[in-house]
Amino acid sequence: MSTIGRSLNRVSGAFWSRPSWRIRQTIRLAPAWVLLAVVAASTLYPMLFILFTSLKSVSEFATNPLGPPSEPTLGNIQEVLSRGLLGTNVLNSLLISTLTVVVVVTISCLAGFALAFLRFRLRRTILLGIVGLLIQPTALLMIPVVLIVSNLGLISTYLGIVLVYAGLGIPFGIYLMYSYMVTVPHEIIDAARVDGASTFQVLYRVAIPVVAPALGALATLSFIGWWNEFLFALLILQDGSQQTVIVALGSLQGEHFLHVPLVAAGMLFSIIPPLTVFVILHRRLFSGLTAGALK
Amino acid sequence: MIRVEAVRVGVGRGPRPKRAGKGTLTFALAALLTLALAACANQGTGGTSEKPSGKIVVWDFNYNTEAGKSYQQVDSNFIAKFPGVTIEHVAKPAGEYGKVVQAAMAAKSGPDALMLQTPFAIKDYYTLLTPLNDLINADMKSQFAGWGGMNPDLDPNGKVYGIPYSFGGTAFYWNKAVFEKVGADPNKFPTSYDDLLALFKKLKAAGITPIGGGDKLGIFSSWWMYAAIPGVMSLQDCYGLSNGKTKWSDPRVKRTLQIYLDWIKAGYFAPNQAELNAGDFSGFTNWINGQAGVVWAFPGYRPKLAQDDAKNLGTAAAVIGIDAPAPHFYMAGPTLGWTIPTWTKNKTTAWEYIKYMTSTEAQQLHLDVDKVGPSNIKVDVSKADPDLTATFNLWKASPGNEHCGRTFKVDVIVELGKQMTAVEAGQQTLDGALKVADDIQAQHA
Amino acid sequence: MSSLGGVARAQKTTENRATHRRRIDLSALFLLAPAVAILLVFRVAPMVYGAWISLHRWDGITDPKFVGLRNYSRLLADPNLLISLRNNVLLCAALIVGMIVPLVIAILLHNKIWGWQLFRLVFFFPAAISPLVIGLYWSAFLRSDGPFDVLLRTLRLDWLSHHLWLADPSTALPWIAVILIWSTFGVGVILFMAGIAGINPDLYDAATVDGANWFQSLRHVTVPGLMPIIIFWSIQLLIFSFTSLFAFIYALTGGGPGHSTSVIEFELYNAAFLGRFMGYGSAIGMFILLIVFALVALVMWRSGRRVEETSY
């Protein structure tokens, strides 16, 4: 551990930009590196497990649940494809997640800006309300929300589910955007105002570019989060053609009998898109989360 | 210009401020466009209102599973009979079906033809279901023996709110080779408690786990109750468990669960049974490997259990006489019902559909293709798997017999299962577990 | 002339201020309207409705029946509910103590050892997977004849093998704590790495000069420097442990032997959807809200920060 300590004591920019230092550092930290590698293996193995399981038959999974398939079969994946999982369901999930992201990011950005820079009358109240909503357990909301949605005639509509997701995601989005907006130095805002910019111009030309990383972070997190949502998608999108991947996954199991390899094959389709989005956009996500910490 | 300077200095490490004009306008337009698209997208789905061409929406939880492979054929047969009808058949997750139905009932909107888990769901939702007495003719009445379950008070002569569908019970499966090995008759299964105990002792002595299967969430213990309760009480007393007339702490109920606990102590179950799911195949692994002698499951599990070894698989109806050599009744009956909710706008088509779904023709298909037993006594079960035939004939012979276990309140039986796992782990007493069940049952009064 | 001009100018200034104020209010209205509208309809209204229903007995289809505070007295007298609440508190404490994991990893990765970007990426994976998938995977992994068992035996830890990890009440909840930490540490790593990068390196040099060893500089430089992030993340974990554990528990143990791994959200679902006690379920929901609110308020008060300043 002293190696870590020594490196802590040397945390300063110039030092570890030198390659030789980095290699020496890595060698000194070798035991820690091994530990990190083990942790990384534990976060990667689930993917492998799902892949293996999806390639097994039911009887093989019963006798060999956890190793590589000795007689791999594509039957499960074919079955899942034939049930429309890849086609309709993935498209549904994509559509809903993307729409939700657009709505949440837009609304959060506008609201966060207003709360951060405009001294209007109900500002404190609304801010308190937003934070209060952050801690509201969503379990309580289920039946009332379904009732409200159906009274508005929005059951089984994409608009309905997007609005529900927006309602669920906006508090965090506003909170995030607000947190970033307040770090924008006042000089910039004031300078823009002095030049006669209207409120909206200040928003478009000054605030948004500064908090762009946060927008990226919010978008990525929202996409992944709403892709994986199960309960409201189940209750609000009642038509078969509207089912998202996660809901379709749930309908793969029968009342008494659980076909694990088939469910695993379905899971492949449900985890690959968000993981892909994440891997592609992860730098933006990380820099967005990082930027906020550096005041 | 001062403004530009200030912005550059302030932003520093961040991205260069973009030319906001074009970018943001496009962005706003895109957002508005997608919102508009979303609003338009919902026009095409239709929901539950019927079109003049006669569309019905059908919900069940078999459709996308092994138990519903025949449904596509059934649906196309129906459309061939009634051209101009369109069916939207929606598969719902079995595990969430209760929630889905409940949400639909609360919102008073959903399908035109709804499959329900019965008899308990009939009692829960009959106020929002269409009574079918006027539509059922005498011929149809005599075709099914499960009408009691379609009435909230289990009265076959009262108002019925659905057509019985799908047959369930419990069956014993055994490994014939294993039986031979320990000197038990491979073609017979014990029907009395004493004989069953003797069998398990034989298996145990030979180093074989007598009972294979998993008990996660205590579900396996509930399945055992379905086999054992007929051995300790009458059918009417069993119905009493669903409405508090018979207490869960009744010594007879306690006896059946005590047997289960004794068997765990005696080592008749797999040592890791508490972590295996009863309903997924991992619960039967040790049985499949020939390391366990007996499992109990449902009729229709036979094809799954007999993957490679059909000849070696013995099956019999799960009936055990406990306080007498023979049981008082057999815990079996229709487990599902097809209903027409009151909000439907296409009652005629919905009625024709559920009539067809439960007809001899459709249930024959359901039996032959999906291996699920029928509620329609005209269906020919002679060529089905022996466990189905045996249990079905037993049931046919006792009219008015509903699957008593399916009348129990869902939360009570689920909680009892959970309490049983606590008892098995040494954190609860059997008396305490049964008292919890009684307390919850009392909340429903 | 000038006085008139002065008055006129004074008038103009006042007018400008009032008009300006109104303009600000209007802009704010326009910017906030969509958010407020959606939140009122889909978050506030259901909560008010839930509070109202918690005073009734309702099965979802027949008319609700007013029963006053009976649901709440039932709630407080239910031993299983209190066990679940205890589990929530234990898991919350575990998650917060478990912040050590992302902290240490962030420190290690901060040194930009070989492959640090890959590690950062891979550690985030569990946060991108649905809890249902995580539950299925871990319940298979920890089976007494599963890969974890194989691993234990390979490491010659035979005395630990063949243990029913998730089905034994004494080990199930600890394992769930581990799994939850595993699912969330990736996010913590990112946040803490950001925070460490923001600590002034001169502070470390000053500490070394003062003769501090690694532990002391950790305690007196790193941790205080990360305090805002630690507080922020603690609050997030607290909210998470009281409002988002349902899917994990459902998929992992279904509540475990008895209720030993159940959480209060799970009790809500069971009461509302298995037993169809909508009123009682809503009362549980209100109860959760109260608890979370009290705990968050407590944390914020102790950390001496007001709501608006807790940004990172």
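Some observations on this one:
The chains carry the letters A, B and C, assigned in the order they are written, with residues numbered from 1 in each.
Here, a contact is a pair of C-beta atoms (placed from the backbone, for glycine too) under 8 Å apart; a residue touches a chain by one contact, two chains touch by 3 or more.
Note that the structure is predicted; figures quoted are calculated from it, not measured.
Distance from the centre of subunit A peaks at B, each centre being the average of the chain's Cα atoms. Two chain pairs are in question, A-B and B-C; the one with more C-beta pairs in contact is A-B. The distance from the centre of subunit A to the centre of subunit C, each centre being the mean of the chain's C-alpha atoms, comes to 15 Å. Centre-to-centre separation between subunit B and subunit C, using Cα means, comes to 35 Å. Multi-chain contact residues of subunit C, defined as those touching 2 or more other chains: 60, 143, 145. Residues of subunit B in contact with at least two other chains: 99, 102, 106, 282. The set of subunit A residues touching two or more other chains comprises 65, 142-143, 147, 260, 291.
Subunit A meets subunit C in the complex at residues 1-2, 4-13, 16, 22-23, 25-26, 29, 32-33, 36, 39-40, 42-47, 49-50, 53, 65-66, 107-108, 110-111, 113-115, 118-121, 123, 126-145, 147-148, 163-164, 166-168, 170-171, 174, 178-180, 182-183, 199-200, 203, 224, 228, 230, 246, 249, 260, 263-264, 267, 270-271, 274-275, 278-279, 282, 286, 289-295.
Listing the residues of subunit C that touch subunit B in their complex gives 59-62, 74, 80, 139, 143-145, 162, 164-169, 254-260, 270-271, 273-277.
Interface residues of subunit B, counted against subunit C in their complex, comprise 98-99, 102, 105-106, 124-125, 127-128, 216-217, 271-272, 274-276, 282, 409-411, 414-415, 418-419, 421-422, 424-425, 427-428, 436, 440, 443-444. Note for the complex: subunit A touches subunit B at residues 58-59, 61-63, 65, 83, 95, 98-99, 102-103, 106, 142-143, 146-147, 149-150, 154-160, 162, 184-185, 187-188, 191-192, 194-195, 201, 204-206, 208-210, 212-213, 234-235, 238-242, 247-248, 250-260, 291. The part of subunit B that touches subunit A in the complex is made up of residues 2-3, 6-7, 10-11, 14-18, 20-21, 24, 28, 30-31, 34-35, 38-39, 41-42, 45-48, 57, 61-67, 88-97, 99-100, 102-104, 106-110, 117, 277, 279-282, 284-285, 288-289, 297-298, 301, 304, 307-308.
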